[in-house]
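Heads up, the next two complexes both have chain A, just with different partners, chain B and then chain C.
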Partner chain A sequence: MKRLCAGLLATAIATFALGGAALAETIKVGVIATFSGPNAIWGKQFKEAIQVYVAQHGNEVNGNTIEFIYKDVGGPNPDASKAAAQELLIRDGVKYLAGFDFTPNALAVAPLINQAKVPAIIFNAATSAINKQSKYFVRTSFTLWQVAVPAAQWAAKNGAKKVVTAVSDYNPGIDAETAFGSAFEQQGGTIVEKIRMPLQTNDFAPFMQRIKNSGADTVFAFLPAGPATFAFTKAYSENGLKEAGIGFIGTGETDETTIDSLGEQAVGLTTAYHYSDAHTSDLNRAFTAKLAELFPKSRANMASMGAYDGAHLIYKMIELAGTDGDKAIEAAKGLSWESPRGPVSIDPTSRHVVQNVYIRRVERDGGRLVNREFDLVKSVPDLGFDR
Partner chain B sequence: MTVALSIVVDGIAYGMILFMISVGLSVTMGLMRIVNLAHGGFAMLGGACAHVLTMRYGVPFVPALAASVIAVIVIAIPLERLVYRHIYRFSELEQVLATIGIVFVMIATVNLFLGSTLLPIRMPPEVSIPINLGFKVLPLHRLIVIVVGLLMVTGLYLLVERTRFGIFLRAAVDNQNTAASLGIDTPKVYLAAFALGAGLAAVGGILGAELLPIEAYYPLRYMVLFLIVVTVGGMGSIVGSFIAALGLGILDTAGRYLLPDVGTIFFFLAIIALLALRPNGLLVRPS
Partner chain C sequence: MILISTIDIVRTSLGGTGKLLPVAILIICAFAAFWLFPYDLGFLTQMLIMMVFVVSFDLILGYAGVATLGHAAMYGCGAYAAGLFAIHASPDPLLGLAVGAVIGALIAFFSGLLLMRAHGLSLLMLSIAITMVLQEIASKARDVTGGADGLSGISMTPILGVFEFDFIGKTAFWYAFSVLFIILVVLRVLVASPFGLALRGIKDSPSRMRAIGTPVYWRKVTAYVIGGTIAGIAGALSAQITSLVSVEAFNFALSADVMVMLILGGAGRLYGALIGTLVFMTVRHVAASIDPFNWLFVIGFMLLAVVFFLPDGLISLPRRVAGMIGARK
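Right, the complex of A and B next:
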């Protein structure tokens, strides 16, 4: 209540300070993401989700028109990201920045938003440390710690005793290995072996042999969605690991945009993650139905959800604080709302989304594969922020 | 002992896929001497075609494979007549630039129509049945790939070494003018060889897709792999490519079994050492 009053007061002051003309202002939001090249799927998912949000909620907040401006940076490219942010802030006069698929792209704009006092809403980039670089960062996606720790806790509670971790050998993979390993050992389990697989691996058969030989009952895997996950899950199902009784637990490997291409081999894979497009709630059904209506070929995934909730947060911040960056950040802290993914809130310290982490299993649903939720760990914050 | 056997079996299976995806390049780059960076592009077009046929229209795998290979050859023939014919005369660097340009056009085309996600090819479910060899389990499609690879290397060896077409092709590549003055229709020979290379690329792309899945950026993602196999094998030698692919497959697999943390470095160091010792590749045809 106190916060609401403060918010209302802030809005009132902002309205008075800016005068009558401000009522008809156009507030611009710059979205920095990848719209071309091999990673163009990120920008596409972001943009479509924003358009769905606008279609559902209109483009006006308190009489101000909200305009989204999209800038392509072509992939993980901090220099391009910084240049795009500069152009958006100076030339276009944006009052909010958003997007950021890759961690380096988010980190690159930290000095700029500090100087300009402009909030930046991170739709994806999942490294915990980003939010420490600027108090203007707010994140609506997830962090690896946030999903890997619940995965470990759930596995320990459901009969896993000895786990082998198999991760792609790059920063997020090592984060996942550490997060899962420490949480699993805390629960009394044993990590029998830690396998790091080079990013360029095409043939995963040798690793499958090592997983088998390790004597583990479960493998925790972390790989980038796409070709690596395709080849890994194929190797998992074709080298008889399932038959040998070795369970699989992962995180975002079964992403909705690639899950159908994994085919039959994906059925039964268990993952712990924060969003599935098969989540059963009216809000999610409304979201996916609108997406299907506007973009019939698209499917919602975690990137869509990050952008959808990000757009919601921006609308909220504008409603409460207009274009005053500092006030907008204060207004965002502690906000909670019902999202299509479930109940979420913004943690005031880490400025990161607190959310349920769902345990899902891949199932066939008509002509497509879905991540069917069957268990959950409630209200998980960013467990990696204090590391 | 089990580990050694596993390395050999997994290595041969992986090496055979490496051979499949690069055999087309050992025809165009190895025999015809064009730096054909668009090789992976033909493999991708074949794979994309097989994806559309098997997933959208439910065509069974074998007819889809045949139709896709024919489709790629049909695309390759006018491309050779209109574009590649001029590229043959370019210097090596110009060939690199021209063919990489063709790759970008191919990537953009596939991206436009099919998007940038994985393009899976539906195979009969029987091929992913795990076969128990006693000391290890191997999916059936690896065995199929091994058999097809052996047939391909034998067939190509006979074609290049034992047929009139093989003699014409080798003559045309070694000295175009002399070959032409002896009555060999060199443009036709080149066209046939190029179409063969593109067709083989499509076969390799489709059969190798179990391990190297097809997507719009396939030609760039695996380009280094194709080039390594042909270079290590020695330009112009099909058998060389075959031995190189198997050797590299076993080497890479051994690295992943025995030294997993330095796996990739081990692989590239071994290639550097090999090329330092034999800069022209394992088997080089004396000219």
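Right, the complex of A and C next:
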């Protein structure tokens, strides 16, 4: 048994050591995400976007074949995420990890990628602090600081004086509240009240009353996309906040995968975010057209974009550094390219994507609702990294 | 149909030669698993931790007959306690386990004082409520627990100063196995002791036990505290091996899964808990990788079949088959 263990260890070491060799080989990329249960939409969007990228760009880089391996962790589950990463690194010998929809799932692999020196590309998990846990993390999604601060600046410039913040009471919500609040006060506005709403509730009528009573002219909201947003926007229009002249500004509430179920009540909602599938550029049109061709029932959202750009970044890193993790991370720093969401680059210190944040309004476009961009804040980095 | 009386079960578990056989099988199985699946040690370790957890629930449901749906409360508290202890006090794994055990016991004691007075539905509801309160505290106390992001930054020194946690997960596997093994040995002694017999008696007929002078309430609280201690150890193990604790440790689904695993394997039998965990987690792992969307059907049908045809769980399968063959002759 000892011999087998030793042999195993030797093979593992050998694979790591030979990693940098520039021979034509199959380079495996392990994608860890949620493919089952109530959060399965994340894995689905990731996988489809990667398949679109591969369909557009082939599966070869410098003569090496790229192979994606998908692992399901069934939701926010750090234990499963770590076990999946171990399996991918040891059995499958992956040279890159990717995916990570939830923050705990990303944090759980930090010690592993530090030891294995394998880059991990985060397609979603949006807590700024993740990238501090390992120098092998690179993120292609967004952070709440990155979108909430531009939202505050835009609101202040467009007539908002007194704002009430209403956020779901969990970490991303608190991030959004702090980011928006500090930026808005810096612009000379006042936050009249900070409301934290329970994550589980779907009855927002009492909060609407508080928002009305607060005397604010605008409400900044942060809720997870889906049923909570549906109930919140419903309460917003039913309780006459719109008529009372209280404006709405949010971030990712009007996500493309759930926007049509929000219905008519969503029309006119203003949000600040980094990607809309209605973005007008040839690259985005090519991306959404290919997605519609391969997966007619799907619609691109921020998760698709995180995965699409993540796949691009992995291709680039392989092109520049092969399978050498340290070299690949160095190569990724400062990289810039034109993405379907607009111009993006990787900030060398935070290893997070620098991108435009768009101000959008929900409009009806034929049979569906879209986030129509009408203003933008250029080249926003992760503003939460140094907090 | 053959009926096995309580006495028979106790006798077999006390028997001389039969005593060592399951222990030997367990050790052989561990070595076999380690040898045959060297790439799946992460998953196997998770399974071992879950076995510790399910065995702790077996003591409460299987032996004392107390049905709760909030066993994750002690697991989660043990996990957070071990995680916080590792970050703020000492990164020694064994001390961390002890802290997890103590916190699990304390939570079980204080909640048990209330819970063990309740029965049936109200007991189920109360146990769920306590777990939800704890989960809410863990997600609100962000400065201490990290909230929804999870408690990260847990690092461990080598076990006993010798065995370092390695990348492949060999140390973690043997660490979890040793803990499971010790707990099983302790529990075997415990369930065969007069205390264990009293628990069985309470399960079968609390009023008769009261009539012969057993303090039913305190016996149940004691069993709950012991179960809580072991659940705390399971939580601490998971915190140390994953190096991260998330609020999902308090999930209702976790308490429910534990009950399903136990019923599947056979409640009231220590090895039933192990078999149930093994089968449930293996089927989930395999079925989920084949069809991530519909694997729950498989688990559901399996549970239905077991409940209808093997009410005593999978562990009674050999006896049932032997009984059927005997009946035919």
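The criterion applied here is as follows: the second predicted complex is superposed on the first by the 364 of 387 C-alpha atoms of A that agree within 3 Å, B and C clash if a C-alpha of one lies under 4 Å from a C-alpha of the other, contacts with A are read in each partner's own complex, and residues count from 1 in each chain.
In the analysis below, contacts are C-beta pairs under 8 Å (C-beta built on N, C-alpha and C of every residue); 3 or more make two chains touch, one makes a residue touch a chain.
Being a predicted model, the structure only gives us computed values, none of them experimental.
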item: Combined model on chain A where chain B meets chain C, clash or fit; value: fit
item: Partner chain(s) touched by A:165 [first = chain B, second = chain C, both, neither]; value: neither
item: First (chain B), second (chain C), both or neither touched by A:202; value: first
item: Chain B versus chain C as contact partner of A:116, first or second or both or neither; value: second
item: Chain B versus chain C as contact partner of A:251, first or second or both or neither; value: neither
item: Partner chain(s) touched by A:210 [first = chain B, second = chain C, both, neither]; value: first
item: Which of chain B and chain C A:74 touches, first, second, both or neither; value: second
item: Partner chain(s) touched by A:40 [first = chain B, second = chain C, both, neither]; value: both
item: Contacts of A:239 with chain B and chain C, given as first, second, both or neither; value: first
item: Minimum C-alpha spacing, chains overlaid - chain B and chain C, in Å; value: 5
item: Residues on chain A lying within both footprints (that of chain B and that of chain C); value: 40, 169
item: Residue ranges of chain B touching chain A (in the complex, touch as defined); value: 6-7, 10, 13-14, 17, 111, 115-120, 122, 125, 128, 130, 132, 136-139, 210-213, 215-217, 221-222, 225, 249, 252-253, 256-257, 260-261, 263-264
item: Residues of chain C touching chain A in the complex; value: 31, 34-35, 38-43, 45-46, 139-140, 142, 146-150, 152-153, 155, 167-170, 238, 242-246, 248, 288-289, 292-293, 295
item: Chain A residues touching chain C - in the complex, by the definition given at the top; value: 1, 4-5, 8-9, 12, 35-36, 40, 43, 72, 74-80, 82-84, 86-87, 89-91, 103-104, 107-108, 110-112, 115-116, 127, 129, 133, 169-172, 174, 199
item: Contact footprint of chain B on chain A as seen in their complex; value: 38, 40-41, 169, 195-198, 200-203, 205-207, 209-210, 226-227, 230-231, 234, 237-240, 243, 257-258, 260-265, 297
